[in-house]
Amino acid sequence: MIQVEALTKRYGSVTAVDGLTFTAPPGTVTGFLGPNGAGKSTTMRMVVGLERPTSGTATVDGRRYADLPAPLRTVGVMLDARSVHPGRTAFRHLRALARTHGIGRARVDEVIGMTGLEKVAGRRAGTFSLGMGQRLGIAGALLGDPGTLILDEPVNGLDPDGVLWVRGLVRGLAAEGRTVLLSSHLMHELALCADRVVVIGRGRLLADAPVQELAEDAGSLEDAYLRLTAGAVEYRGRTAEETGRAATGGAR
Amino acid sequence: MAATTHASDARAGDRPQVTLPRVVAAEWDKLTSLPATAWLALATVVAAAATAWALGLFARPDAGGSGAPTAVAGYVLAQLGFLVLGATTGAGEFRTGTARVTFVAVPRRIPVLVAQVVVTTAVAALTAVVALVAALAATAGQRAALGLGLDVGDAETLRLLAGFVLYQTGVALVGLGLGVLLRRPDAALVAGVLLLVVLDHLLATNPGRVADTARALLPGAGARLLQGDDRLAALDATALGPHLAPWTAGLVLAAWAVVLLVAGGVRLRRHDVT
Amino acid sequence: MTATTPSSLRTRPTAARTTSHGPTLARVVASEWTKLTSLRSSWWAAALTVAVSAALTYLSAQASSVDPGFDPMGSLTSGVLLAQVPPLVLGVLVGTGEHSTGAFRTTFVAVPRRWPVLAAQTVATATFALLAAVLAVVAAVLALVPSARSRGIPLDLGADGTPRVLGGMVLVLVGTALLGLALGALLRRPVPAVTVAVLVVLVLPVALVLAADLASDPLAASASASVPPAQAAVNTVVTFLPAGAASLLTGEGAVEGAPDLGAWGGGLVLTAWVAVPLALAALRLRTRDVV
């Protein structure tokens, strides 16, 4: 279980996360949503102790991440698929990670098999495609057979087959009673695999509700999301027509 | 809680599973799994041996003299290899993003630094011993022809040979400290070269009491371990700063390594890993 | 704007459109200049070059101003060695930056012939380094003023080949930046490139001289008037390194036992150190894939 309470992170005058409170309960896939720059990755990094909160707390199974006796066996984390030295092979990357917890070689081979990396495990990670890097990141998260998983955009760059596999994987993990916190921008995908969603914008909580409920109220999860974040989007693209209008408007 | 049905959690209890020996094993695995490490070690050995051999061509015949100064003469060039080893071990993970994975696995962070010190010391010392043996082998013929002996029982010879290994290991640890502190391998490397080579060279071209004192307190002072007794006497005859004994000068290098590593450790604990 | 565009513009033939909209060298240079000047590290490097040049020259002049035969111009070049470091690193960062960040994908898609990018980086880096170098040399001259004034010695910048020394200092700083760029573009990865750059520019000359010192008998060396053969050999090697070229260019003359190539010779050596790796980098860009 992940519990986030009044979590705040400031970088100088910029507030990235602002008094955020939510819980990701066990046996559930919790989707973590928000526009670009909403503070999702910062929140995830604070949960796993990479960044120090300015105030507030984040705990896993009631403990601060740094106090966990065996972090990888409690929490599996994939934050950024490109967190591998390009000169190291996938197998050696996973084995070095496993060694910190005395996890045996058999388990390393097992997660390589689970993620379908057998054929490329001996290749340098620098030669991997985005999807292969993503699979390697997921393999690292599964290594300690953890009760809680934190996955940042796990389906990003995966082929349709891989997307289906991740969907089955997270559903299966939750069915085993594990906690899964998963961020994604793919509404359709989240509607299929998440039980509940936490939506944030500009570092604040916008909604924390079952997927079913949100989708029924607004017609679809995507509509619900767009309505919720309408006032919290920091970076918005415009159509060419809008841009032209703005430019001529400015020239006058 | 449902999650505790997993066998691993049931076994885990509260005993910390991330032990120092395990973190050391992981760091060892990381360093040795990079082809760059082997290439770097090879280049360092070749640089040390080739410099010694090239200078051996010009050594004067001196029956009964020691061949040790010639054998260790390549240290100035070879130290760059040790500096790179330390700097990339300390800062490379921050550049590639591997730091995120590492510090998620070891959230208390300091064991990683301690393990890096252990692993860097081991690899640096091993590389230095191989480089020394290679330099001795490369100059063996020249030493025999010139009548230069190599009596390991002689205190001065022993100091030069052991000093080579100790100095290079110290340089690697200075590089590691700079790497952890600066988190960028290129910046750590430039800072190390400035500290070890350039500043000393600049101060040497402007001699004086202040400059000579500063030189004696720079990490490069540790290189006095590698100078023969008569050469130290010749250097001290013109220097106005403190005349440190070779082993004391070695401690100056050690102190730099310790201070930089402690500063790196403080930064590692306090600052976010992004 | 759009409303007043003549309709003939839209119906122009395709060939004409390619020349007017495609990446000309001037446009690539402008693009590289924008990249270079939009990085904070470029400005830091420039500021450090000027600051180091001023500070070291000032300290050196102050230290030697107590000597009876003090000549302020003798301290003019004392900051050059350390002031070379920021341009060198800046050059390496520009040369490797595209490859280490993956930005090259964007760049080479925009400029598929690739070599104009390298040429443009060279022009942009040379221009930026030239500005920094001129400021650094001005700063060095100004840093001489306090000690010269304290001894009542006038600073004559027109005399005794001083203009050539000033020009040489600028050339050394610009050449060092370009050497960094060339090595960065050739090696593509920042750590190996910085290693080779500091090795060639900073470590090798000092290492060789010290090693020759170490290997030769100190008593014999001071007793005989001639230069020992080991040192003569080392000095000859150093002359053909960027450091030797720099001392020839800044009017410090040849080192003992080495051939005196003169300022022009020094300039040629430095040019070769820039041109050879740049040519190799261009060749690598043309013949190898960028991944």
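All chains are identified by letter, namely A, B and C, in their written order; residue positions are counted from 1 within each chain.
One rule holds for everything that comes next: contacts are C-beta pairs under 8 Å (C-beta built on N, C-alpha and C of every residue); 3 or more make two chains touch, one makes a residue touch a chain.
Because the structure is a prediction, the values reported are computed rather than measured.
Student: Tell me, please, which two chains come out on top when C-beta pairs in contact are counted per chain pair.
Tutor: A-B
Student: Of all chains present, which has the mean Cα position farthest from that of chain B?
Tutor: Checked the centroid distances; the maximum from chain B is A.
Student: When the mean CA coordinate of each chain is compared with the mean CA coordinate of the whole protein, which chain is closest?
Tutor: That would be chain B.
Student: Taking each chain's centre as the mean position of its Cα atoms, how many Å separate chain A from chain C?
Tutor: 45
Student: Where the CA atoms of chain A average out and where those of chain B average out, how many Å apart are those spots?
Tutor: Each chain's C-alpha centroid was found; their separation is 40 Å.
Student: Provide the C-alpha centroid distance between chain B and chain C, rounded to the nearest whole angstrom.
Tutor: Each chain reduced to its C-alpha mean, chain B and chain C end up 29 Å apart.
Student: Residue numbers in chain C touching 2 or more other chains?
Tutor: Touching at least two other chains: none.
Student: Which chain B residues sit where two or more other chains touch them?
Tutor: 92
Student: Considering only the defined contacts, which chain C positions touch chain B in the complex?
Tutor: 56, 59-60, 63-64, 78, 81-82, 85, 89, 92-93, 190-191, 194-195, 198-199, 202-204, 206-208, 210-212, 214-220, 222, 228-230, 233
Student: Under the touch definition given earlier, write down the residues of chain B that touch chain A in their complex.
Tutor: Chain B residues touching chain A: 1-9, 12-19, 22-23, 25-27, 29-30, 33-36, 92-93, 96-108, 270, 272-274.
Student: Provide the residue numbers of chain A that touch chain B in the complex, in ascending order.
Tutor: Residues 1, 26-27, 45, 48-52, 61, 65-66, 68-75, 77, 79-80, 82-89, 92-93, 95-102, 140, 144-145, 147-148, 176-179 of chain A touch chain B in their complex.
Student: Residues of chain B touching chain C in their complex?
Tutor: That would be residues 51, 55-60, 62, 69-70, 72-77, 80, 84, 87-88, 92, 95, 185-186, 189-190, 193-194, 197-198, 201-202, 205-206, 208, 211, 226-227, 230-231, 234 of chain B.
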